[in-house]
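Each chain gets a letter, A, B, C and D, in the order it is written, and its residues are counted from 1.
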Amino acid sequence: MDFATIIQILDSAVRLMTPLLLACLAGLYSERAGVFDIGLEGKMLMAAFTAASVAYATGSAWLGLCAGVAGSLALSLIHGLASVTFRGNQLISGVAINFLASGLTVLLGQKIFGLGGRTPSLTGQGRFGEITLPFANALRDVPFIGPIYADLISGHSILVYVAFLMVPLTWWVLFRTRFGLRLRAVGENPASVDTAGVSVTRLRFAAIAICGILCGMAGAYLATGLSAGFVKEMTAGRGFIALAALIFAKWRPVSALFATFLFGLLEAIANRYPNLDLGVITIPSMFMNALPYILTVIILAGFVGRAIPPRAGGEPYVKER
Amino acid sequence: MTHAGDMPGGRPDEAAPAAIELRGISKAFGPVQANKDISLRVPKGTIHGIIGENGAGKSTLMSILYGFYKPDAGEILVNGTSLTVTDSQTAIRAGIGMVFQHFKLVQNFTVLENVILGAEDGPLLRPSLARARGVLKQLAAEYELNVDPDEVIEELSVGHQQRVEILKALYRQADILILDEPTGVLTPAEADHLFRILRGLKDEGKTIILITHKLREIMAITDNVSVMRRGEMVGSVQTAQTSPEELAELMVGRKVLLNVGKTPARPGAPVLEIRDLTLVDEDGVERLRGIDLDIRAGEILGIAGVSGNGQTQLLEILGGYPEKGSTVSGRLSLNGRELPLGGRGCDGAERRRQGIGHIPEDRQSEGLIMDFTAWENTAFGYHHAPECNRGPLMDNAAILADAEAKMERFDIRPRNAHLAARNFSGGNQQKIVVAREIERNPDLLLIGQPTRGVDIGAIEFIHRRIVELRDAGKAVLLVSVELDEILSLSDRIAVMFDGRIMGERLPGQTTTGELGLLMAGISDTENTPDSAGIPPETKHVEDLSPQGPA
Amino acid sequence: MDRMPKWADVILTPLISLLLAMAISALVILAIGESPREALAVMVEGALGSSYGWGFTLYYTTNFIFTGLAVMVAYHASLFNIGGEGQAAMGGLGVALVLLHLPLPHWSLALPAAMLGAALFGAAWALIPAVLQARRGSHIVITTIMFNFIAAAALNYVLVNMLRPVGSMDPASARFPASAQLPKLSDMALGLGFEWGRNTPVNISLFVAIAACVLVWLLIWRTRLGYEIRALGRSEPGALYAGISPVRIVVITMLISGGLAGLMAINNVMGEAERLVLNAVEGAGFIGIAVALMGRNHPLGVFLAALLFGFLYQGGGELALWTSIPRELIVVIQALVILFTGALDNMVRMPLERIFMAIRQRRA
Amino acid sequence: EPALIFDLGGKFDKSFNEAAHMGGQRWSEETGGTYKELEMQSEAQREQALRRLAETGANPIVMTGFAFGEVLNKIAPDYPDTKFSIIDTIVDQPNVQSVVFTEEQGSYLAGVMAAMASETGTVGFIGGMDIPLIHKFECGFAQGFKATNPEGRVLINYTGTTPAAWNDPVKGGELTRAQKSQGADVIYAAAGGTGIGVLQTAADEGILSIGVDSNQNHLHPGQVLTSMVKRVDNAVFDAFTAGEDLAPGVTVMDLAADGVVVAIDENNQELVTDEMQAAIDTATEAITSGQIAVHDYMTDNTCPVQ
């Protein structure tokens, strides 16, 4: 494996991890506030659909992004109503949201475009293009640093940079602001927030809304950044992987970066080496495809200790029984 | 409606300006009427006690005042002006602070973070934290409320956690401080310290409402006292005009024996022998250091000590579930048979089979499954016993019948075995555990904090049962941080400090002062009693009420 | 002490929730320009209107009962088993291996053998996540998700490279021997002298599923093991105090859960397809989550919820088959049913409670 | 009235179900006739749908996908008066017409074109789910490529092992990038909806792609080298046209029968040089005359090249 190959694999990993990272951070806000969310998948899917539809209709990726966020937020609102306002079961609500998105996107897509749930392909401004960072081309020939800057760091869609910036931002918000303090508190012990005179409902809704926005960005990136339109079920389980990464990262933003990077990297490696020829035996593609999942289990069992979720997670806040 | 006038003794001063006035407060939780048309007047600058049985509605009333619950009816006046308390924020702004019975702290936050939560100065934390650090230092100096601001709550003892709660209220500049059973989890020394602080606060003109089950505390520190029963306010009276016996009767509705009458013990052969018991926990800290103890048939061995000195670990080992990741060494033998200290055969079920009953320190997380019904809980830990089973299945009918009989005998209220444990009040929850463990007639009963948070009626009842068990020739190991409890129940007292037995004493031949020194780790000199030179009762009265109206 | 009578909570609340879900579904159907009345008619007629419809409804119900029970049992120990999909797929492999390699002369012998294979493979697939959770604290939600993917890959490999007859396009095993054919309900009806559900796949597995409901009920609420599972699920410190070993219970519970999920294979693999195909589980593992949660983690509830989903599946299938409504509509309806009966149930319960409290107060 | 049943992928799968759908549409436009159309929901519905259609008197009944094979084999005898046509596998019953395509031949031509269009000598193949049918495409492609450029390299990727593998354009795009970075400059996608991502990314990255099943040249004019079209539409059209007189037996839709073709139209005309056209013609000639026997992966589960 030469240097260029490593750069290419890392570059691929960065693209593959971006939707995971956004979704993972989305889940982080929600779960840190004590609202479990297995509906990340559904929100991303809905966002991918609305983003692609609006981007197609308007020819603007940015409007598509807004629509993606709106689509995802709509589902967030349902999740909030179910799990905060009506103190329902957060897991059931998440399952329902996944089903809802899976059905509605195709139903609406078929009604609007008649392509069996697909949207027409996006072109031009309807997609987020790749950004070339300043001096990327000039620096390309500098040994070592050049390729890293020009090929790995430069040349991604704006949403990739946004996703990476979200990591320090999330850290800062959670650990350096009043909002973050309250958010973490409401996920650990909502009664402490309530008795301090702060509304548990408002905080949790805020967290759920942020979750919706980030999922919306993740979905929009899938449909208008990485590909050029919506295809049914195009999230292909990424929401669940993001959830796994979140638990893996023990609900911490910087760890989330590494966890999603690991998933992206494993997938990129499996893409690059579809059949691993070990001389004696050739590992078949099925196993290379399953490799990221197998390695996750091994890493989890071997290196990551017990993951303790936010203490009030999954439980609706009930004052009066 | 019942008026204070029904009470013996004088009414609180009606003329003094009221810090708080409640009028006709009612509150129902579904079908449970927790507060019925309650009125209460608390004069400014006084300490006002509220007493009542478990479930009488004390906490509910205070939570309403603090804006935590919304009342169904009624009016709240603070400093004479009517206040619609919609949430805790309005209460806080009106100068009310509350320390809840179950602390409302975020376990993995630091002290500082807990203190500023909800009272931050701006959108960014740094300035708030800096200011709070300063204020905390000042408060610490002023009231001797020392806690490390950077310590994480879960690392703190309950006593310190409570200080944090008080600091929270003071940081919000509360003029009216509500404390709901603050001494339930405190050691005597900590309680004394708390009362000193409260007196200091009162001297500054602050008003304090204190809920407690301990009449001694009421007598020692309050100016006035109100009694609640079954959701109603039975009345209010000046403390100086009443007596503990009178209050106890008012509270429970019958005469209560405040002291267990018990005959001297007739100890038999040793039931449990503990030899050189040592425990090193996960982090390599030695929590038990060579414990040697004998517990004989027909005696109650009391273990006194400030909590956190190894009592919990000792009970857990005896109960068959030593702390995860710890290493235990030494020897245990029960009636001459060796008990394993780990691995196979060392679990709670096996210990029960050997004849060890166990009333755990924490009834809510260990002793009961809160979501199980009362009847299911009466078989908890004994679900393998033949009488609970018929063939491969559990004999639910038999368990239920047994549970109902137990509820009758132990007067557990409400008398509904199908209710989930969490719907019983603390005292009744404790009775469920006590009934389960005592009625099995174990050879050895381990008891941790049997009366924590339990009202005096129930305390009396539980104490009597423990003595009866002893009189039936069984061995009892009693762990409690309540010195009074230890002194009045035990036949022999061992004091634990830092994982060691500091010494053994006989209750009749020692004093709280001597025990206190042992508890503080001041070593076992010769058997010279009276190291502080003050007899037990006097010492407490001295400590609690320098003004001494009683 | 309750706020409303138990019957209202158990029957009235879900019923009203269901009606709400149906109402919203009707709006969705209107929105895509179709007639909700007609759609409902097609669904009811297709799923319940004939013994033929019932035959399919009950077939799907059987699948969902098994996966629902699997999720439910684990849930009582506070374990969220998302791995039903993979465990059921592996159960299918177990059934296939038994039936292909063990020539048994009659179904009455083949069924127990296949059940054993199904349960063993399903349980084995749950074992690793269980042990990792119990011993290493690896979160069972992640490990079971991962094991779903791994199961799909493994099954793909085994079917394509090992079980597929040479020259066959289909990544599927050979057909099972005829002696292993399970009696269909329609055959049984014929045996009793009347015609019922001709050519429907519902088979004797339905009775196995119902028996499983009863056994699971006994297990959870009548046995010591069930008592310990529930106790551990509610409080781990409590379990330790009572001498219940968390490791043992977690492992046993997951084995039972995985075994139940695996058992689904006797219905779809042995009873219906009569060979192992690649995507035999078809999401039933995930529906099991909804079924268990909606069934309030009680076998009777699981049975009823499975029936409801069986109805939705068959009715929806008919809708997609015979009308121009896209098949995804049914996914939306399922989502709304899950949402309203499972997550938004308090929206109905709260006002109902108020009504009942008011009635009680008036009486008092 | 004829009927058409689609496999689980649904009629808009961007693959052969969609091609079948097009065939049905064309028939109904040209003849003004109507036909019934069904999409599967689940495995258990296959039999249900077939029986119900047969009972309602639909004739002939055309179904797409090998997965129907087992079921059809079972039920066809129950409806001796109904004609069935199954695409992609062989069912030996007197009232069944089995239509099979020689995907390996079409793919061979695609391989020839890829070899000639490639400047790097490296081309790629991206399959959907890892199943034998797709290996058939892969193997034919590799044979054509190697025959033209024995020194060249074919990179092979499969998207996944679950049905999601057919609907993951993002992964398709990423695999395309991975192959491009290893030097591939022509990539053949046989991956349903995932292929859309392959074609898109190839266009974005300025390399060529090859579509599959239906003619996908128009998706990125000038950037899709060709499409290996399986004339499923013709098969459906023919079956519908034959109506109740549908001839049972095996119909092989091969290169000679125009069953598989490499699409050349106004969108890719510029990419197809005269040389390339000549090579295609030669290869077609050689295959139809039997001079070149393109190995079918299915016969022994192996591929002679690589």
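Keep in mind that, in the parts below, contacts are C-beta pairs under 8 Å (C-beta built on N, C-alpha and C of every residue); 3 or more make two chains touch, one makes a residue touch a chain.
As the structure is a computational prediction, the values presented were derived from the model and not from experiment.
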{"item": "Dominant chain pairing [most C-beta pairs in contact]", "value": "A-C"}
{"item": "Interchain centroid distance [CA atoms averaged], chain A/chain C, Å", "value": "29"}
{"item": "Between chain C and chain B, distance of the C-alpha-averaged centres to the nearest whole Å", "value": "47"}
{"item": "Approximate Å spacing (C-alpha centroids) for the pair chain B, chain D", "value": "76"}
{"item": "Centre distance in Å when chain A and chain D are each reduced to the mean of their C-alpha atoms", "value": "34"}
{"item": "Residues of chain B engaged with two or more neighbouring chains", "value": "30, 423"}
{"item": "Multi-partner residues of chain A (at least 2 other chains)", "value": "117, 237, 284, 286, 289-290"}
{"item": "Touching two or more other chains - residue numbers and ranges from chain D", "value": "10, 130, 161-162"}
{"item": "Pairwise chain contacts, counting only pairs that touch as defined", "value": "A-B, A-C, A-D, B-C, C-D"}
{"item": "Residues on chain A engaged by chain D in the complex (per definition of touch)", "value": "4-5, 8, 12, 15-16, 19, 115-118, 121, 222, 226-229, 231-234, 236-237, 267-268, 271-272, 274-275, 284-286, 289-290"}
{"item": "Footprint of chain A on chain C - complex, ascending", "value": "28, 31-33, 80, 82, 128, 132, 136-139, 141-143, 145-147, 149-150, 152-154, 156-157, 160-161, 286, 289-290, 293-294, 326, 328-336, 338-339, 342-347, 350"}
{"item": "Chain C partner contacts - residues on chain A that touch it in the complex", "value": "78, 81-83, 86-93, 95-100, 102-104, 106-108, 110-111, 117, 237, 240-241, 243-244, 247-248, 284, 286-287, 289-290, 293-294, 296-297, 300-301, 304-307"}
{"item": "Contacting residues of chain D [partner chain A, same complex]", "value": "10-14, 18, 130, 156-162, 164, 167-175, 177-178, 181-182, 193, 196-197, 200-201, 219"}
{"item": "Chain D partner contacts - residues on chain C that touch it in the complex", "value": "56, 59-60, 149, 152-153, 155-157, 160, 164, 166-172, 175, 199-201, 268, 272-273, 275, 277-280, 282, 313, 316-317, 320-321, 327, 330"}
